[in-house]
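Next up, some structures in structure tokens.
In the two assemblies presented below, chain A is common to both, partnered first by chain B and then by chain C.
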Partner chain A sequence: MRTTRVRRAMVAAATAAGLVVTAACGSDSDSSSDSGSDGGVTTLTFAASTFGDPGRGPKLQEWLDEFNASQDEIIVEAASVPYPTFGQTVLTQMGGGEGPDLVRFDMPEFEAASDAGLIAPLDDLVDVEQYDLLEEPDRFMVHDDVRHGVIFEASNYAMFYNADLIPEPPTTYDDFFATAQSLTAGDVFGLAFRQTEAEEAGVWQDIFNYVYGFGGAWSDGENLTINAPENLEGLQAYKDLYDANVIPRGADAATFRRMFAEGKVAMELNNGGYATHLRAESPNLNFSVAPIPFPVRSQGAILAPIVINEASEAKEEAATFIQWALEAENQAALQEILGASSVATATERSPESLQDMPFLTVFDELTETSLPQVVLGFEAQTPDIRKIVVQNVIAALQGDVDLETALDTAQEQATDLVG
Partner chain B sequence: MSRLRIGVTLRVVGVLVVMGIAVFPLYWMFVTALSSNADLFAADARLLPDFSELGVFADALADGEALTWLRNSLVIALGTTVLSIGLGIPLGYALSRFSFRGKMLTAVVLLLTQMLPEALMVVPLFALFNRFDLLDSLTGLVLANSAFVLPIVALILKGAIDGIPRELEEAGRVDGARPLTMLLRINVPLIGPSIAAAAVIAFFHAWNEYVFAVTFIYAPETQPASVGIANFIGEVGTPVQTVMAVAFMFTLPAVAFYLFAQKYVVAGMTAGAVKG
Partner chain C sequence: MTLLEQRRAPRTEAGRRRSPLGSRWTPYLFLGPAAIFILLFQGVPLAQEVYLSFTRTSLLNPTNSTWVGLENYVDIFGDEDFRRTLRTTFVYVVACVAGSVGAGLLVALLLNRSFRGRGVVRALVTIPWAAPGIAVALIATWMLNPQYGIVNRFLDAVGLGVPGGAILDSSTYALPAILVTTVWQLFPLTSVVLLSALQAVPRDLLEAATMDGAGRWWTFRAVTWQVIKPTVGLLALLMTIWSIRRFELIWLMTKGGPVGSTETLVIDLYAQAFDSKQLGTAAAIGMVGVVISLIVIAGSRLVTRAAEKEGLR
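And then the complex of A and B:
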């Protein structure tokens, strides 16, 4: 009797589930992120991790809507790819001959994709001569005289500080350290940065400022210089702050940025994109921005190119969108959305923006001394070198090995990798 | 009497501690979802939910996206469960009851597949799914998840069938039953608890799966909740309360399925005692 009941229940459950699966198969999305043409309208997908930002995402969507409304032959839709696995996901899709038509990459993934032939050359698709492109960031868009991308966003790193807690920003590393120490008490921390392997790309972005800010470099253009004395000095400064317990250890970027917005973190090094986000999410927060107070005025920059997927079946249409994006008024609109970041061309900041964020000029003045966070000369191998460096630096942070040995190990492993 | 009472009390306390450990993460998600920004990073953690913040759940559901993700997750998880159990039963039966060349090798290979991380399979599976036009479809994800979970389901069911006396089948054979009849009429009812346990494993695997889903699915309306929740994590900001609200809702159907399946696991475990 019991067996019969069990069997009946199982059959009923299996039947119900089977019906759901059948319905699911019927309800499978027939839309594809691949370009598709329907009634003369070509639909393109555009993947950008910024679409997920609570502050900037909705405004970027409105910007796309403006393009869609400007003509009736092309529709650009935002592709939904989560930020934590954005590069890995999109590169896998592109490697398989699929993926979004347009992609906003970060530099390491851009370099890897262009090296692998996954990005369509733009020379025959977009005539960049007719636009006033910013030279410094744009030079990284061209490889061996072939243009693979156009800058979508260029964002320099600077020091964000809570102006209620810090009336005068520190101007030297010693001041920076002392300020962080003096403000750390109870549930308030003087500083925050990324320090876990789960945020490998973020740790790389953070330590880049310490290495270059202390006069170091990951390479001399021909050879790796991971264990150079200047790098050791910069990373020792990073480790000293970690050891001094002035940061919320273990907190990820999402957490400590919320803490900054709540006045629980006094300082952090971040790029210009963060300014707009803070203004939108925490309008009452009294924060300001100053150059990073390290010995050498050299810091990282987020360079984010927009590219066309080599596998796209609608490259011409994708290029039409890029051309629209490069038009002066659309660049100005994009600049307003991105806030403290720059765009591909030189644009005037509006008086309203400057009144709202007077520190915008700080970011603009850093453009000449900012570098993309790639290993110069080894751009395509940057993601692999990044993994090696971050793993070894974090091992040193956690006390598994001393920092000098960690950098020697990283140098050896990365040299083996690049050959 | 008092010794008995102490024993009962200790047992109750033990159960409560274990329940607390199991339920606390769920509770903490709920409390975090209902915390204001100020409470979220206060020195003293708030232990009780602030019901004045209940609107976060309504906000999370407002545009209907979260419900679509949950529906997709449910379809993928149920589909994977049905398919892997449907294929796992005959596979487990064959490995248990039939002698054929390469039987041991098959079992070992099944075991080895469990040692391959999903990330290793993404690229070859992507190419395969692209070829068969299975990308961006729930059917594709059901197949991918089933392929990954089928070996463990088959091995669980093989173990269960191994435990059934062969005499029962021999009696059936005397009555003229064919192998399929014996499988469905004799073995399947007796391995109900193992099927339920395997179903729980298959369901949870598919429910939580992220790597295949994020790579094989492009369209927002086809994304499961595991990917949808990750979409909240932005480059410069993450709405913690919204993430926790959706994550809390994400756990509830899985808990419900477990409670449903657990009934059959327990029923099977106690069946022998009743029959004596």
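And then the complex of A and C:
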């Protein structure tokens, strides 16, 4: 009798333990996004890689604090996710119906997220008509007449050069090449760009300038044109520089940017956000900025929209933040923080900023000729096309195939991918 | 009362009362929680992975799957890149096992000898194994850095420098560099395990072999190897499975590049799932990995049993 009781007790205990484990596994929170409400105050999460930027991050946090101070019922908390894994981390969360309420995306991830229905349409949440939005970057925020985002930051690409090493910046590609060659000696390099597969997104950003700067394009809007003659010419220029050993081969962006700050790299093509970073990190560096000296005045731009997560339970509150951000004085403050980048609306640069960075106007003048680094007409598939193109271009850099064959292969693979 | 009589004597009431732990269900009760845990945390995800591998599922919309049958498997085996991945995985695993067990055995044989400072050397040898994988990957990356890495400086000094110095960006040298790093991290474990196995070799057998005129090689082959063989087999099995699964070292050093030259199954799986966002394809690749691991385990069991039977004969 006792044996039976003990056995039953043990079975019951084991069953209970199992049920507890099962219940624990199944007790996933019902809440979808990171928003929460406590005592009438809704807390929103705003994810952006720039919050971790040592130059701009703390200032952006102060900017958020100003919003929080202006509100009684909404608090926005910054969530810093490192740039290299930002898209992957946030898209995975959003795909699972979770994630931050507000997100500052880069274009490829923005396109992928909007195509997958992970971003809330803003048309009924934010009345953008009342704001003076910059037309060129803003047109990429709308898909089939549905607005999915508002520009948080638009940053054009230009040529950064060490003014101590280069008194007069080159104005043609031949000059550019010759300057890079003449300055390369010992542990000093004339130029630096990304050229490793480990920095796939960065390589894509860099080769974009060579392709568009030589009159090429990844697509004509309907068909892919990866192996177009102009693209071949532009990428050949990129490869010629690589083959000429005027760059620190194998160095990643963090390394060669440190080298630039130390005067060991003379030129670099980069976006406006870099100017603020350099000023903060290397205040004594004598650098300046000029347009990229390629045959065609067309270059990439980092367009970073701010969007609302479709899974957010506080879309109205998130929209309140976006409306606040679009107000003229807050745009001006954001512009000051972002430095050489532009914001959603036309703002006037302060005399102090222009005195500190006189080259800011160079970036502003490039806005009309800058394009987001996506494949037009195939925006949502850009990350997959990017992988194919970068892999094949690197195969050509490594000498595994010639560049023309590499681009033909990329064209074929990418065409198969997009159907 | 003799012992036999005691055994034959009728049991008292107390003697008949069986221990509550003596039931035939007791083992199941003890195994139950572990079984439930494994079922929940390994069985369910595995079943889900099997299902996913037969679907087209996007990471961006994982609840909306389309059943595609064997299409993912047909696609991956029809893809030359995947076949290259399988070849790379094979080369990586075989080289890791041979390198780590071989180097471990060599070091263990050296450490099994008497010399001054042996204790210190034994402790020093374990450092690479004690270091976290991420730290090892970062240190190796710095050492191989084309601008300021010590490896390139050394290779340049002895006239063996890689053009441009970018070892990890060369489709020729990246995999060997990763292999050397992996073996460097693994050999301490194999050497420590093999050292303990070597210390179990009976001295009298070694002395008898020496007295019979056997040389070092024959003594090792006829005596030492016979004793440590099961340990080597177990280590080879563990190294194989760990090498098939190894992710962080390769990912941090090359991300599978350049041009897929260091892409193993797990790297491909991760890239498909999180870069390309194709969970179905990633699950199919994962299943291929599971099948390969099962084949390795089954093969190992067969070899062990055959060896045991041979030993009994």
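Convention: the second predicted complex is superposed on the first by the 386 of 419 C-alpha atoms of A that agree within 3 Å, B and C clash if a C-alpha of one lies under 4 Å from a C-alpha of the other, contacts with A are read in each partner's own complex, and residues count from 1 in each chain.
As a convention for this text, a residue touches a chain if its C-beta (ideal position, glycine included) is under 8 Å from a C-beta of that chain, and two chains touch if they have at least 3 such contacts.
Quick caveat, the model's predicted, so the values are computed rather than measured.
In the superposition on chain A, no contact is made by A:D175 with either chain B or chain C. Using the contact criterion defined above for the overlaid structures, shared-chain residue A:D187 touches chain B and also reaches chain C.
Once the two complexes are laid over each other on the shared chain, residue contacts for A:I394 go to chain C alone; chain B is not touched. In the superposition on chain A, A:T255 makes contact with both chain B and chain C. Contacts of A:N245 after superposition on the shared chain: chain C is touched, whereas chain B is not. Shared-chain residue A:G95: touches chain B and chain C both. By the touch criterion stated above, A:G52 is placed in contact with chain B alone, chain C being left untouched.
By the touch criterion defined above, A:E316 lies against neither chain B nor chain C after alignment on the C-alpha atoms of chain A. Residue overlap on chain A between the chain B contacts of one complex and the chain C contacts of the other covers 2-3, 6-7, 10, 14, 17-18, 21, 25, 92, 95-96, 187, 255, 259. Looking at the complex, you find that chain A touches chain C at residues 2-3, 6-7, 10-11, 14, 17-18, 21-22, 25, 88, 91-92, 94-96, 112-113, 116-118, 187, 195-198, 200, 245, 248-251, 255, 259, 383-384, 387, 391, 394-395, 398, 400. Across the interface of their complex, chain A is touched by residues 17-18, 20, 23, 25-26, 29, 32-33, 36-37, 40, 58-62, 145-147, 164-171, 254-260, 274-277 of chain C.
Listing the residues of chain A that touch chain B in their complex gives 2-3, 6-7, 9-10, 13-14, 17-18, 20-21, 23-25, 27-29, 31-34, 45, 49-50, 52-57, 79-85, 89, 92-93, 95-100, 186-187, 253-255, 257-259, 261-262, 264, 270, 273-274, 277, 281. Remark: chain B residues 37-38, 40-43, 74-76, 78-79, 81-83, 85-86, 122-123, 126-127, 130, 135-139, 142, 188-190, 192, 195, 214-215, 218-223, 227, 230-240, 260, 264, 267-268, 271 touch chain A in the complex.
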